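Read through the structures below before going on.
In what follows, chain A forms one complex with chain B and a second complex with chain C.
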Partner chain A sequence: MSEETTNLVAEKQEDKKKVSQNYWSLVWWKFRKNRLALIGAVIMVLYYITCFFFPEFFAPYPKELESDFLEARPTFPQFRDQEGNFSLRPFVYGLDEEIDTATRSRTYVYNYDVKYPLSLFVKGEPYKLLGVIPASIRLFGVDSDYPDGQVFLLGTDRLGRDQFSRILYGGRISLFIGLFSVFVTLFIGVTLGAVSGYYGGATDIIVMRITELLSAFPREPLFLALGAAVPISWPSTQVFFMVTIILAVISWGGLARQVRGLVLSGREEQYVLAAQSFGASDRRIIFNHLIPATLSHVIVIATLMIPGMIILETSLSFLGLGLVPPTVSWGTLLQNANTIRAIRFAPWYLLVVPFILFAIMAYNMLGDGLRDALDPYSK
Partner chain B sequence: MGSFLIRRVFYAIIMLFVVSFISFIIISLPQGDFMDQKIAELLARGDASALNTVDQYRERYGLDKPLITQYWLWISNFVRGDFGLSFQFDRPVRELIGQRLALSLILSLTTLTFTWAIAIPVGVYSAVNQYSIGDQIVTTIAFLGLGVPGFLLALLVLYVAVVVLNQDVVGLFSQEFQDAPWSLAKVWDLMKHLWVPAIIGAVTGTAGTIRIMRGNLLDTFGQAFIEAARARGLKQRTVVWRHGVRMAITPLIIILGTEAFPGILAGNILVERVLNLPTIGPLYINALLTQDMYMAGTVLVLIVFMLLVGTLVTDLVLAWIDPRVRLD
Partner chain C sequence: MTKKTRDPLVTVKDLHVEFDVRDGIVHAVDGCSFNIYRGQTLGIIGESGCGKSITAKAIMNMVPKPGKMRGEITFYEKSDEDGGEIVNQIRIDQTDPDGETIRKIRGGHIAMIFQEPMSSLTPVYTAGFHILEAVNLHRFLPAEKIGDQMGKNIQKKRNLSEKEARTIAVDMLQRVGIPNAEKRVDSYPFELSGGQRQRVMIAIALSTYPDLLIADEPTTALDVSIEAQILDLMRELQETQGMAIMFITHNLGVIAEIAAEIVVMYMGKQVERSTTIEIFENPKHPYTKALLGSIPQIGEKKTSLETIEGMVPSPFDLPPGCVFHPRCPDYMPGKCDRVYPQYAQVEEGHWARCFLYDACWPDTPEAQQIKNQEAIAAD
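Coming up: the complex of A and B.
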């Protein structure tokens, strides 16, 4: 009997899977358990696919295309028409122009007799996928049998441009600025912080004084002032890079200070001493040993910085500094929404706001989840 | 203590000079100067007469002198209280800021009152009943509130107020009271309008304060003296408020000095812009857009000044409250 038990035990031990206890796998497991963080990650991936990489595919219209429907209300896909007939295929109502005699303005009303069915993978205006591959298929649009039909999911603006498409294109710029400026900030902040922490002495004092000076300025007013310094006459790509650099310049201080703290404690570790006695150069120690040790903290700080950058850029373009129309970013799209007239008569301009809110919330959830996961040894 | 004060004041003065110089340079960075922008505006309106008098204007405003001279003139008057002339409005900067300062102050105080009145009790409740349903709900709401930027919320609130409630929420006064002398009716009108920007400003502040209060209070509760207080038989309410909260209030004092105080001028600039309030925020933005150098520079330096004063006072207050803090 004891032989059987021993065999059973032996089998159980063979069947046991070898689960890795390495740091990164622990991090991944803990991340997976956090439902909010996973949702945040999925949302971010969706945003990047639709707005950053392939907005031309997901948007029914190009961003500059001006239609004849000026400031038209949204035509949302319907499944059930006025008489109650249900159709599996979604359709949109036509729009008729009407002059409102009271306000003497042009409005558009739904024409419930004209129905344009929608279909997937419609051939639209040609574009270049990722800037290189020519294509013209778009995800959805009015069926090609009805060339007069338009589907404006979120309405149009004063020049008749489809807002939904412009929001997707705008997302490309806003999301890109968020990511890119964080990269530049990381580059400056981590390098300066690590060098300052490792060498100490005069370098340390200088770098710390500079960060103190920077932090004496209030962030938003300083950013607005620097944004105003960007000449309006510059081409939009130059303005774009300038805004990114400005964002990085005002944000690197905090990061540098954190990295400096981490390096200060990291450089006392045994392996650093061992590397030094092997004759490793300072540069090698900093970049190959100390900075990777700070990686988990840096990732968290970076992820949580991104929504802040997006908000700053949006505020800047909203005020008319930095990126200006015709460049499409979420901030410039918001400019339309700021007048009482727009809010009362064309409230669909405000629909940019949920897009921005979801992106920021998703980043925050992701960042929080990363922060919890990257410390897998805590409860 | 005395040497600490002297050192800090000295440091603050140097910092102010450096900051004012940098601010001046930043504001002057855009190409051209105020006159160029003004000329462009007048020409667009079809009024070409200013072209003849441009040089006179430049001389009057001192724009023809080199930058360093301009800065020196400005800063030497600044310390005497003369903040320069606003080109846009053709009035002294001091007068313009003074007019709006009172309203900025009132708005900030109201926002702060809302924030603390909600956040402290909720934070305490959340910490005392950790992991309860109430705590979970509060934490989720605080999390959401932190993510929402103020001016987006302002746009949404504007929409709800104008379309749904059909109220006029732009600005701080209704039409009739705009330029009227102060009276009880005007004060009531102000209060009717004030709650909108105050609530918007309070949302982000509340979310952050709740989280900080909760975190700090939980840390404090883990300490031995709380257990000792309970063992002495003190009531729960006394333990929580007189012992726990009193220790946990420190970060809030720090926030008060370093964010709320300079926030009188600089807090929620964008919300003020969206709602078109007659406070200092929109004044600053306007100055940036029109390159009104002295106005923009003054506001920036004043904000930094308040930050430095706030930090110093905070350190002193902390040292006074908490005997463990050493000032050196």
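Coming up: the complex of A and C.
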């Protein structure tokens, strides 16, 4: 019996602890319980480490390095050779060019006589880590004793560039464009939504009609028009920023409506009146008192919006309306796969799709988890 | 009573606030005139919806949207030295409601606390942050912190450092009697009880050393023991800081305790005004009498509570003549339902609006005619 009472007491203390937790630890608590969201978060962290921050380290080759192997098939690391000897150290076979006399097309086949062992932390082409730290160590590659050896995990493209490395580099642009354009969208959407909700009247009507116009507009022609508006002579960074702005301009409407709704109910709260009575200006009330209250909602919308932006960039670039080839992004890489010939003879071009797929799925899982977690009091 | 000069701080002359809504025009405040003197407490009583809160908001020039304000509200700004001269007269009703002038007055000279402490604090900020915001907005270091006369002006213009701000916040919280202020300064509103939140509100209001504190039913949402504590606190702080209080309530017990002078309002109209003792000892207007009569007395044996007959009329359909006549025990047919009485001094220092007193007959010819007819009929 006494054990039971101590249990009860312990339980009560546990309850007390629960009540006195602050908001963010409650959020973390709830988030941690969501297995799927955690997986999503881990995948995203991995993506950002490998693709966003250190692709130079993780990719075996620089993105513009053109090898002599054009549209070569992937060379998979092997542990067991033709004779059945097992070696713990993986190796790749060399590639032999073979011309098909009937179609006059070039294919590559494994040369089982040549084996190049792979190593971790090999010395490769020099690069600058994060753009500042000079380095030349890469995560893996053909052992430096075999200068002829090549490892193409996912094949090469028409110019002989390693597809795997390019996917990692392309991830940097694609992931960044997702974040950056969502950031711009948030800025436009939250500001306009909050202003529209706070002032009401004519401001509200104008802003809301603009959002309706945007959402009523057929999207593809709008992309075409905006994409065509980007001059072809622009340098790639400028095109990049233009594309993010296009993405943001198209997608701020929904966010603005949601923020407006939240602000509309928020402005009737007494703390707004109180802030006003202490001499706070309208700007201060909107940005310091009303918008923070909408933030947990906005974070969720933003997280769920990022994958959409990545997809949008990819499809725009695939259609040739977004980023253009010297820039490497998942969209421009996918552009390689837009012919029957490419899919028939070099299907490894499509291997960028799983990368996009996993990133999108991970983001969605993360966003769903955040949505549940940021409202920790709901059951 | 100590010798307190009747030094006006805010004068309100013939204030009208009208709301033009779909069903007609609501006269929320209809001809209110009173003065608030430095260091004194003015009480405003009346039932719900009689225009008390709107009057308070009008003084801050914070009348909500469709409302229009007429009349004269003058704020007398004094220089900071003790016994300083009046340096500035500001017509509050003529300021731009979002302008710099009124925002300096709000919070800086006139602070306000509200009925609902539960929602008066922005949920995303700590108690300390709220105080800091008010202090920083008005860049007004408390007098103790200011060094010599020379340094004064310079010090007042600068922003607080983080450390100073914290000290001030802790100090203010201590002054309003929050236990464990060093810890509470980092508490979010949801971690505070109702009484503590109201104390924090008072601390915010007092942190800028205002000349006038408008308390809009500050204790209505609190239980009786907390109410007593808050009232004691306000009285105590009034004595130490010498600020005026405009105390709005519908609770006669509270107002008897705290106010020096009382204004009674009914349906947006000011029906009586005098010192607290006069109002309680010698009420002139039948409405005031009825209000006082409806308080149960200890020791009295009654089977039911005394109430005021009838219902509050619809603001869209006010009765002709005196608005109180359908419910008035002293209703005089032919007078009260035909002429609207004038607000006049009926005794030394006692104003009322009722035909029981000859002074209240307006000067218009029709009114005089009715008065003469009545006189003839009486003979």
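The rule is short, and it goes like this: the second predicted complex is superposed on the first by the 356 of 379 C-alpha atoms of A that agree within 3 Å, B and C clash if a C-alpha of one lies under 4 Å from a C-alpha of the other, contacts with A are read in each partner's own complex, and residues count from 1 in each chain.
Following the convention adopted for this analysis, contacts are C-beta pairs under 8 Å (C-beta built on N, C-alpha and C of every residue); 3 or more make two chains touch, one makes a residue touch a chain.
Here the structure is a predicted model, which is why all the values come from computation and not from measurement.
Engineer: On chain A, do chain B and chain C fit together or clash when superposed?
Structural biologist: Once chain A is superposed (C-alpha atoms), there is room for both chain B and chain C without a clash.
Engineer: So, does A:Ile340 touch the first partner chain B, the second partner chain C, both, or neither?
Structural biologist: Touch partner of A:Ile340: chain B, not chain C.
Engineer: Considering only the touch criterion stated at the top, classify A:Ala293 as touching first (chain B), second (chain C), both, or neither.
Structural biologist: In the superposition, A:Ala293 touches chain C alone.
Engineer: So after the superposition, what angle do chain B and chain C open up at chain A's Cα centre, nearest 10 degrees?
Structural biologist: Computed angle, apex chain A: 90 degrees.
Engineer: Have a look at where A:Leu319 lands relative to chain B and chain C in the superposition and call it first, second, both or neither.
Structural biologist: It touches chain B, and chain C stays clear.
Engineer: Please work out whether A:Met44 is in contact with chain B alone, chain C alone, both, or neither, and reply first, second, both or neither.
Structural biologist: Neither chain B nor chain C is touched by A:Met44.
Engineer: Applying the touch criterion given at the start, work out whether A:Pro218 contacts chain B, chain C, both or neither, answering first, second, both or neither.
Structural biologist: first
Engineer: With both complexes superposed on chain A, which partner does A:Ala275 reach: first (chain B), second (chain C), both or neither?
Structural biologist: After superposition on chain A, A:Ala275 lies in contact with chain C alone.
Engineer: Let me test your reading of the model: by the given contact rule, A:Val92 touches which partner, first (chain B), second (chain C), both or neither?
Structural biologist: After superposition on chain A, A:Val92 lies in contact with neither partner.
Engineer: Looking only at contacts as defined up top, I'd like to know whether chain B or chain C touches more of chain A.
Structural biologist: Comparing touch counts on chain A for chain B and chain C gives B.
Engineer: Please state the minimum Cα-Cα separation between chain B and chain C in the superposed model, rounded to the nearest whole Å.
Structural biologist: Least C-alpha distance: 18 Å.
Engineer: Which chain A residues lie in the overlap of the chain B contact set and the chain C contact set?
Structural biologist: none
Engineer: Can you list the chain B residues touching chain A in their complex?
Structural biologist: 15, 18-19, 22-23, 26-27, 29-31, 143-144, 146-149, 151-152, 155-156, 158-159, 162-163, 170, 262, 266, 269-270, 273-274, 284-285, 288-289, 291, 296, 299-300, 303-304, 307-308
Engineer: Over in the complex, which chain A residues touch chain C? Could you list them?
Structural biologist: Residue list for chain A touching chain C: 22-23, 200, 269-271, 273-282, 284, 288-289, 292-293, 295.
Engineer: For the complex, give me every residue of chain A touching chain B.
Structural biologist: Within the complex, chain A touches chain B at residues 213, 216-218, 220-222, 224-226, 228-231, 233, 307, 311, 314-315, 318-321, 334, 337-338, 340, 343-344, 347, 350, 353, 356-357, 360-361, 364, 368.
Engineer: Which chain C residues qualify as touching chain A in the complex?
Structural biologist: 60, 62, 65, 98, 103-108, 111-114, 116, 119-125, 133-134, 137-138, 188, 201, 204-205, 208, 214
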